[in-house]
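Each of the two complexes below includes subunit A, the first together with subunit B, the second together with subunit C.
For the complex of A and B:
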């Protein structure tokens, strides 16, 4: 009886401590987001004076102002378009390439794969000028196609690495069965490999969605026309060299964060599955 | 009911080609529709001035029929990368700005991207040139025999000017029992105020000031970015030993172990000991410093004239004044950093370069400069409209008489030496090193740099 009470107390103490720890981690993770939303409802003056998370006066108009002054309408659509096209492009090319690296035998396979992996080590800003000159020579600078191709290229190496690791572990018997059913190599990729790789694809989709959605440096460098700029560039307009309009900046960031949060929530099941089934290595 | 696999298949078959076709069609459409009218394109990074620039572009088009496209690219560090990349791809616009050090500016000039403006400035008995503050032009000028080996001349047009000075909070001055209309003029007076701030924070005299003054900070500034420390140290170096000796140090003719330099380094120790400096000053970023000063938490701030806009946004009721850093010596005048704030260059390879120069001339005329002062709260580059500046800006502008800037000097210090000097000052402030130690360490770096040059 005494032992039962002892173990019960011990269990509830441990549970309480774990919950306290998890609550504190949650608060640490959520606080910046809450501060962002809270600041988006304040004025430039009260951002620096009113430190409470719930503002005394809610300035919802900041969202309207941010949308209008930042020209968010077009930029928002541009961002959705770039994100969708780039992610679809990466998924198709990376899964085909990863499948080829994993299953096909061709000369220079390892060298090519190492080159892709090496590309992961190159910091993106280091390649901007070279990329600019290349796109300029191809007459693709200041065009959405140029930007989309560059962004697909940026996301390929990590995606190929993740997918190849998964395909390497995939049982060969499944492919043999598909081959006996008359599937071609492309058919096996489409009917067997891709459906099985859904958890990894979810990770690839989420990582690349985040990367493309939040990208603004390359866009700012290769685009001259405002009509092609993504949302993140519009947000940066509230951040001056000396003067930053914090309420509008935070309202803009809140607007920009919403689609990403939605994507994450929709794909949460697959991401957890992808991570727990060992989709991410290294 | 379709199976999951079929839905996926149908989605892929329809959506993917549509997305790619859309992207291709967008890419194939011309980026800029041709326009029969002359259009001047200007790239800039000044988010706070964008609405004013757009308004001026409209006025210019109404007056001349020439369209002006101000294209804003922010933040400024990415803007700089864009300008560099555009130079490599021969895509620079008609007018642009170059951010960074003077050597960057020099490299653009030497590569032939920047039009020499001296001939235009000298037209009609130099009427255009005479409109500007000489200090503002000096930053955009390469003198005879400059160490960058650039053909002497003026290569950019200043749009506005800035000075970096000390600010003091008049309300906190009153709480400390000081005259709010008489800021400290000498270094000794500054140290006395530092002692007053310290004793107030210890609680001894907080009651005398109604308790409000307790926990007030001394001087705040963005000294986490070492260039602002460098600016402050240069002010006192120029005050204690004069410009010639500072230049001689850069040239390697005077060592950093010279007693005058040790005196400069020692000033930081005295200020720290007296309590003039705010807590955590050496790692403070300028945004934090501005926030503390705007919220009546700091007695002094060391900041640029851009701060007028920042403080107004944070606390429109802030009651403050502008002052020169109190002089530590009577031998040489107190100097501050100042000169051109933002400048525009004309693309030497542009087919619209003549129109671009005409536009810049119009932009820096009295009326347009007056409009920029009113709309953006920046100091005008045209000295003829200074009288139109609001009171605080006018106070900043008084500092132009004492202004200089290393970019306007014919020689420049090596970045490793500047870094050693500024990090050394940080070490003095946190009590890690003595002024003599720092002087000796900076000199070692200087000797290494001089050896490299040889």
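For the complex of A and C:
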């Protein structure tokens, strides 16, 4: 009896300690973000005096200023445009290729697939140097098209790999039935394979969305004109220009961070899946 | 009919192969060619001067700034390997049991990894930079009675790099956490129960069951940490602003500066080739190591 009570106390002490540890890490994770949002709602005068997380007065004006005068509105739309086009591009191009690698026969199939996988494994740090030269040659530098194509390439290999792994495990019966009904190969890809691949497509979409939205270095070397820049590059420039206006800067950072946090919270199930499966095999 | 069939199949891979060829293969070849040239990026490429291995020799023997960047990246990587992964493992171990709010913690710990390095760098800069006493860390140190530890963390060459490493760990531990947690959850609970019946205490079963079975996962996370951290540089742009006279310079920042500030495209490519080779060798060694250590049963 006494042993049981002792055991219970010991267990609840351990549990309390574990919760304390987890909660303190939670606070360390969230505090900087809450501080960012809170500071974005203060003014230049109050931000260095009012250290509470909940500002005494809410100044939404910083968001209006950042959006209009900081040029954030334009860059925000740029980011959305790049993210949407690149992700749609990757989904279509990668799923077509993955389907072919998994189901169709053609000479050179293995060599080509190995090339994509090798590209996924071999890091070329500084490949942006060559990409800069190439895009200049093609007259695609400082154009949205150049950036979109380069970004599609960045996400292509891993997406092909994930989708091919999925197609390999997919039962063939439905495709056979569709073929009997006279469906073309493209028709089967579109009407049968893609709908079945929804779970893995979600993983592909989430990871590429985050990657494109957060991308910095290619955008930095590709764009000279502000009108084309995505948020991540614009915000760094913005910091140089409004160096002392911290609430305004924090408003800009909140605008840049909020979409990914929302996408993450909505789709977090797929992120966990991607990290635990994709990382282990990739 | 057969040929038509094959051509039709090629249609499926043509877009992928085209983009891959133009934006991966050609730059890949460019990097390897340019590494042997001296080129300022302005004169036509055909007028670039062939210099053989001169770029590589310069990097190896005459460029202390390159080696400083390598050392810095090594230091950040060591801190990430030990500190960040230890935290990640501890958190995963803490979450691998029947506790309340398990899912809540899991969701929160992966927020930093989904944020952009620019955002993370700039937010942390605001928190630990010395602007008009807004430095949160310093204010906390003062509040808990340690005012003599107050320090301008990012402006002091001695602490700037370690500060970068800690913010990097803040941003990155969620990856390791998720992978470790998946690994821990894959260990069958019967093993622990059997060990418990045999009288093994918590430490013994941790040492004899958890660690050996988790070894492949630990090595995987280590490989990902080394490859990711050695190549990290955007966070430094956000947090410090740049190389800080070399104190927070890392290889990719060097490559970027050599290309953009010094307009030495050939030299930048030579550095990229060498650094990429080093990364491939590191991951290969770690991979081999993991094969040897893998338990036979797993």
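What we mean here is this: the second predicted complex is superposed on the first by the 197 of 282 C-alpha atoms of A that agree within 3 Å, B and C clash if a C-alpha of one lies under 4 Å from a C-alpha of the other, contacts with A are read in each partner's own complex, and residues count from 1 in each chain.
To be clear about the criterion, a contact is a pair of C-beta atoms (placed from the backbone, for glycine too) under 8 Å apart; a residue touches a chain by one contact, two chains touch by 3 or more.
In this text, all values refer to a predicted model and were calculated from it rather than measured experimentally.
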item	value
First, second, both or neither for A:271, with subunit B first and subunit C second	second
First, second, both or neither for A:145, with subunit B first and subunit C second	first
Broader residue contact with subunit A after superposition on the shared chain, subunit B or subunit C	C
First, second, both or neither for A:80, with subunit B first and subunit C second	neither
Partner chain in contact with A:18 - subunit B first, subunit C second, else both or neither	second
Touched partner set for A:122, first subunit B, second subunit C, both or neither	second
First (subunit B), second (subunit C), both or neither touched by A:196	neither
Contacts of A:39 with subunit B and subunit C, given as first, second, both or neither	second
Which superposed partner A:48 touches (first subunit B, second subunit C, both, neither)	both
Contacts of A:217 with subunit B and subunit C, given as first, second, both or neither	both
Residues of subunit A at both interfaces, subunit B in one complex, subunit C in the other	48, 92, 125, 128-129, 132-133, 216-217, 221, 236, 239, 244
For the subunit C and subunit A complex, residues of the former touching the latter	6, 8-10, 12-13, 15-17, 19-20, 22-24, 26-28, 30-31, 34, 41, 45, 87, 90-91, 94-95, 97, 99-101, 104-112, 114-120, 122-124, 126-127, 131-134, 136, 139, 170, 175, 178-179, 182, 220, 224, 227, 231, 233-234, 237-238, 251-252, 255-256, 259-260, 265, 268-269, 271-272, 275-276, 279-280, 283
Complex contacts: residues of subunit A adjacent to subunit C	15, 18-19, 21-22, 25-26, 28-30, 32-33, 35-36, 39, 47-48, 51, 92-94, 96-97, 99-101, 104-107, 112, 115-116, 119, 121-134, 137, 149-150, 152-153, 156-157, 160, 185, 189, 210, 213-214, 216-217, 221, 232, 235-236, 239, 244, 246, 249-250, 253, 256-257, 260-261, 263-265, 268, 271-272, 275-276, 279-280
Residue ranges of subunit B touching subunit A (in the complex, touch as defined)	5, 8, 15-16, 19-20, 22-24, 26-28, 31-32, 45-48, 50, 71-76, 78-79, 81-82, 84-86, 88-89, 91, 287, 291, 294-295, 304, 306-307, 309-310, 313-316
Residue numbers on subunit A that touch subunit B, as the complex places them	44-45, 48-49, 81, 84-85, 88-89, 92, 125, 128-129, 132-133, 136, 140-146, 148, 195, 216-217, 220-221, 224-226, 228, 236-245
